[in-house]
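Quick one: the structure is below, and I'll ask about it shortly.
Each chain gets a letter, A, B, C, D and E, in the order it is written, and its residues are counted from 1.
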Amino acid sequence: MKYSYFPGCTLKNKAQDLDHYARISAEALGFELEEISEWQCCGGVYPLGTDEIATKLASVRALNDAKEKGQELVTLCSACHHVIKRVNDDMKNVDDIRTRANNYMELDAPYEGETNVLHYLEVLRDVVGFDELKKKVTNPLTGKKIGAYYGCLLLRPGKLMSFDDPENPKIIEDFIRAIGAEPVIYPYRNECCGGYISLKEEDLSKEMCRKIEESASGFGADMLITACPLCMYNLNKNNGDNLPVYYFTELLAEALGLKEEVKEQ
Amino acid sequence: MQRIGVFVCHCGTNIAATVDVKKVTEMALHEPGVVHAEDYQYMCSEAGQELIHKAIKEKHLTGLVVCSCSPRMHETTFRNAAEKAGLNPYMVEIANIREHCSWIHKDIEEATEKAVILMRAAIAKVNLDAPLKPGESKVTKRALVIGGGIAGIQTALDIAEAGYPVDIVEKTPSIGGRMSQLDKTFPTLDCSSCILTPKMGEVNAHPNVNIYTYSEVESVAGFVGDFTVEIRKKARSVDMDKCTGCGVCQEKCPSKKTPSEFNRGLDTRSAIYTPFAQAVPNVPVIDRDACIKFKTGKCGVCSKVCQAGAIDYDQVDEIITEKYGAIVVATGFDMIKLDKYDEYAYSQSKDVITSLELERIMNAAGPTGGHLERLSDGKAPKEMVFIQCVGSRCADERGKSYCSKVCCMYTAKHAMLIRDKYPDVNVTVFYIDVRTPGKNFDEFYRRAVEEYGVNYIKGQVGKVIPQPDGKLLVQGADLLDNKQILKEADMVVLAAAIEPNPDVRKIATMLTASIDTNNFLTEAHAKLRPVESPTAGIFLSGVCQGPKDIPETVSQAGAAAVKAIGLLAKDKLLTNPCTAHSDELMCNGCSQCANVCPYGAISYEDKEVNDHGVREVRRLAVVNDALCQGCGACTVTCPSGAMDLQGFSNRQILAEVDAICR
Amino acid sequence: MQELINRAKELLADGTVARVLGWKAGDLPYNPEPAYFEKEEDFADFVYNGFCGANLSKYMIEASKLEGKTLVCLKPCDTYSFQELMKEHRVDRDKAYIIGVGCKGKLDIEKIKAMGIKGIQGISGAEIEDAAETLTIQTIYGEKTCAYKDAMLERCHVCKGKDHMVFDETIGESKETKDADRFEEVEKIEAMSPEEKFAFFQKELSKCIRCNACRNVCPACSCRKCVFDSNKFDSAQKANVDSFEEKMFHIIRAFHVAGRCTDCGECSRVCPQGIPLHLFNRKFIKDIDELYGEYQAGADMEPRTPLTDYRFEDAEPGIVAERG
Amino acid sequence: MKTEKNRAEMIREISGVNPLKCMKCGKCSASCPSYNEMDIKPHQFVSYVINEDIEALANSTSLWKCLSCFACVERCPRDVKPGKLIDAARQIVVRERGQDYLTPDEIPELIDPETPQQLLVSAFRRYRR
Amino acid sequence: MSIEKNEGFRPKIVAFCCNWCSYAGADLAGSSRMTYSADVKIIRVPCSCRVNPMFILRAFERGADGVIMCGCHPGDCHYTSGNFYARRRMTLLFSMLDYIGVENGRTRVEWVSAAEGAKFSQTMHEFVDKITSLGKNVRLEDLRCRN
């Protein structure tokens, strides 16, 4: 199975290793991520204004590229996933946006939301299957108590993202079980870490991260994993060293026994 | 040629403010067949009807057009008026210039123009009207009540008291319904079972009442006065005649792990069970999905311990077919599932419960023996938080658009009972509005605040956050104080929205009774016929029609009973004369019409006809007027157009089309 | 053909049937017409060849009223019509003795003429026993030939099959003639723009002279009195006055037989103006197949047809706009 | 200069929100993680738009404290979703005044070697036009 | 959409409504004062299954620009199954109209219950807009019937 892959800015630059982990794990699990040629940054946040078109075009380009290849589009970063999935929904359901975006794009055939947008975790859950993943784990993270940190973008708005129950998700917990560790469920796992606000309102973000980490440690977590590079940055920056935060692909690669391989590259 | 009179109603200003009634009246006189036209303030009034009477007599009218409100409102009124003046009532047509015109248009010129066109269409139709005579049909003097909660019980008792036999069909093993699960009732705080149990006994013992518990309606055929209903009596696996209700079987049953429906899954029951101690009938059923005997073939303990030899593993479902003249729906409600509201952590913490679960916890026969305690650790709570409107008043698909109506009052009741019994427990209620219309209701709520010190906070809760130490952190808003609050609680109670029993959709379909977008049964008129379904012979009792509390339910149950009694008291009903009719000379006898007739009203016979001198025996469709309900499905199926519908004939509808498109 | 004649005479002689419904030679070599044969000597004119396209099942409505049985010769496709008429109680099975006759595809004289073959005096190779693939045509301009296949009626290219749905006995072999997709023409029209569709039908239907030949020949259009002759719909019309009436007539004609039309193609065969009327019926058949499951009228005796049946999950009428 | 009425109309249009659907339950404010930082609270935003007091919104610090975490969007029972209103108000402000809450000059002092691109990209998108 | 193109054009629209659901829904729209265009004129029929394709063609013949049929929701028919037959008939008829080149959208079927006044009004709004944008019906009109 081959997927169109949208890596996004952070995983392509600051966090390249996380991207490598994802690709090499995919290979081991029997699917391939084919990077979209000349992808452009999704913009990081979904423009809520219904009259904004230009800021949605980068996503439309990526989506159309996947459509032309007849592939589903996979993202790794929660933010990219959020933006692209919502723009896709607009292209499918909002006449005005679809018409205007297509007018700009001048494609061979108008793009009307045909591409299916998947998060890497969804591929693991729905295509590979967590049971199957579990069988392929060579280096289970037995004994580790891991808190899943979802943040906002993966889950909300629940109706549009249709990813998991937005108030009581379980996909990352299932993932944690599949790689042999024990999930720790804590109530702040879908509360905001502060997002982009950490740039100018560091204290606000710090307070939010503190609540998240306190809740997670309180319920017994000894590490957190997340699917969003910005969440990872905020949590890492604000928590000191007592509760390490990992990107899920890193633990995936580790469980599949591939982490060293990447390091050596 | 008809002699038609046109009567234009002002309906006060309801019509006259937007439609130039004088102009409409004047335009009427230009239409073919119209010999009289006049307008009046209120056509439906005595004086208005008198005008009609006079005109019919003086101008020898053969047909009437009344331009007024919807025919669903006053068609019968004007037909009766016509009949009184010696005119066949089916020579009356209504032009609906109120609901379909004056009320929805603002521009006078536009509305007047449309009113004239609607009038023309009605005139065109009257021109082709023919006098019709209704037939008669019999009334089976027996009523069926679907649902054995307080609504069904009260309706059945009232009908039975009037001397008519009545059957109750109840899906669960016992009658009693939701009310039997309640601990106390507002606004008097009397014990629910103390007032319900005697009624259950009374209805059970009434000679005119026959109760089918653990039974469901399987199919409904027929129409008002003459319904044929199939009832599936599910296999109880216990002989109702032999069982003495001693209860030993339930005690000895080794399968005790099934969540108790009665206690909302807070504890478990045995595989052979009566839902609760006061169950009527006091005869257990075997839950075959849970029973070891049915699952593995080995066990049979209940059979061994039963002194009366009442256990019968070989029982099968039984279908009972019965005729009824009237059917009352009293299917009640359930609480919505809370899986879409997990911000309140209902599925994450045992100490977040629904109000109905709290009723069971507070009840002496409940899972905790009536002690208020946390289900997680059995500890007594010190801080209780109630959250109102969970799933009610929602504009999105997560919840219900309506107000569930009973939550404000029962929450005040819960708060008061807790403060009364456990004065050291603090109670906080997060509310959006406190709604207390009802006799002694607001006084009741104020007592909760003033005498019992319940802390009411205006604002909704955003999230319930379980803490590592087992406490619950409630993050809410206090809109009056403009603050975000974090409140620690030991238990959180959710006032979940109520919704009609999910089975009602299936039942409504069987009854062809209409249902609204929320699955509440629709009443024939919101104000004037609130307990009748638009489908004749079907009556509504209790929450199946809309949210209501016990006193309202009981009142409506009585009202539904009276309507049913009114029907059963008649010996004959007049049938709708707008039935299908087949033209013998055109009929091909092809049987297509019989294929689509939902009532089996069409049969075929070989008949000699004289077709312009040619005498031959032909196979012809014959419509049974008593069975035909006048839908018209056959008329369109018939390729030759031999089949036509009286009162809505092909030519009449085409004439209306022509008049509108003129 | 001789076998058929012999058998018919035999059945007539032993009293099994009172008459035989077949075809007799016409005044031209290519226009045999339906006829009754009651006496042995009548059979001199009896023919059964490639030009006997007429579907005799509809004649059985009237024949059912006659004394005694009527022997009727039905081609495989005709038997669908007959069975449909049985289902609708329009013919009496007990009054019919059905000989299922073999068919190797029926001929369309218009196609032959369209090849530029004029002044026809005689045609050979159209006999039912002929195995020849070629027709030899004597004309006043000399002998011409054409491939049998090229002269076949449209309906034979989309033949429903060699099996008779209902019969008492069969005589003669049938040949597989299907070599085209039944819905190809319909699909071609469906793919047009609304303007093109409109222009196409406007052009075709403007030829209609309302001779009612299509109606009269159609075995499904068998009403004692047609709505278009009835005062019940204010729709009694004799001739089309404008383009709308043409459409109305042909839409309703096709609608009334929708789910009952066996696609026998008689309407198009008899149209003197050469209007492809089967395109209306076939559109309904295609929609029915796609929306409600494949259905062949006359293939069984189930009382319900697609339009007198339903399923809860049927498509909504909006599907027409959705599929564009 | 646009009137307050125009601006309120624009907010309704950009956000696609009908503020009249609000029943004032306060669930948005109960859910908001930035609540304490805001001068005009999420539920009040709705009334400001209804009352066409857009200038006050434009000057509100709340515009820059909203995290776009969609908690209010997810939980609003009336399909009002104040987060969308706040975003629309923010757009109006940046479009009208070209006022940027974040300028490129500030960046160097705000970032550290670990700052992900995502942070800058999203902050720019949110704070500037 | 080219609504401007047809400015001043007032379409003629015939709505067939079943007595039990849609006509009552239209009544509810009225008593709730939910406006819609006066171009819509309602004809009451007992059930959607009473609507003969002839009625619809006749309306077009006489100059209607759009015809809409409303009935009870599938499964909720007062006569149990009438709307199911109507649904198949209308689907085939609409498909045929499309096939002969009548503009898509001149005909519509909508299920409106007695409780759906808002939906009735909304549907009529949409339908009038659609017909207005399509403009005058010329493809099915009988010119003799034009005023």
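The criterion applied here is as follows: a residue touches a chain if its C-beta (ideal position, glycine included) is under 8 Å from a C-beta of that chain, and two chains touch if they have at least 3 such contacts.
Computed from a prediction, not measured in an experiment: that's the story for all the values here.
Separation of chain D from chain E in touch steps, taking the shortest path, is 2. Annotation for chain B: without this chain, the others separate into A, D | C, E by the touch definition. Of all the chains, the one whose CA centre sits at the greatest distance from that of chain C is D.
The chain pair sharing the most C-beta contacts is B-E. The distance from the centre of chain C to the centre of chain E, each centre being the mean of the chain's C-alpha atoms, comes to 36 Å. Each chain gets a centre from the mean of its Cα atoms; for chain B and chain D, those two points are 45 Å apart.
Averaged C-alpha coordinates give centres for chain B and chain C that are 54 Å from one another. The distance from the centre of chain A to the centre of chain B, with each centre set as the mean of the Cα atoms, comes to 48 Å.
Among the residues of chain D, those touching two or more other chains are numbered 71, 74. Along chain E, residues 53-54, 58, 75, 81, 85, 89 each make contact with two or more other chains.
Along chain A, residues 167 each make contact with two or more other chains.
Every pair of chains meeting the touch criterion is listed here: A-B, A-D, B-C, B-D, B-E, C-E.
Considering their complex, residues 343, 389, 393-396, 398-399, 432, 458-463, 475-477, 479, 482, 484-485 of chain B touch chain D. Every residue of chain A that touches chain D in the complex is listed here, in rising order: 8-10, 13-15, 41, 43-45, 47-52, 55, 77, 79, 152-153, 155-158, 166-167, 191-192, 194-201, 204, 208, 229-230, 233, 236-237.
Contact residues on chain E toward chain B in their complex (touch as defined above): 12, 14, 19-21, 23-24, 26-27, 29-31, 33-36, 38, 41-47, 49-55, 58-59, 62-64, 72, 75-82, 85, 89, 113-116, 121, 145, 147.
If you check the complex, the residues on chain B that touch chain A are 339, 341-343, 345, 347-348, 396-397, 463, 465-468, 473.
Taken together, the chain A residues at the contact with chain B in this complex read 159, 165, 167-168, 185-188, 215, 218-220.
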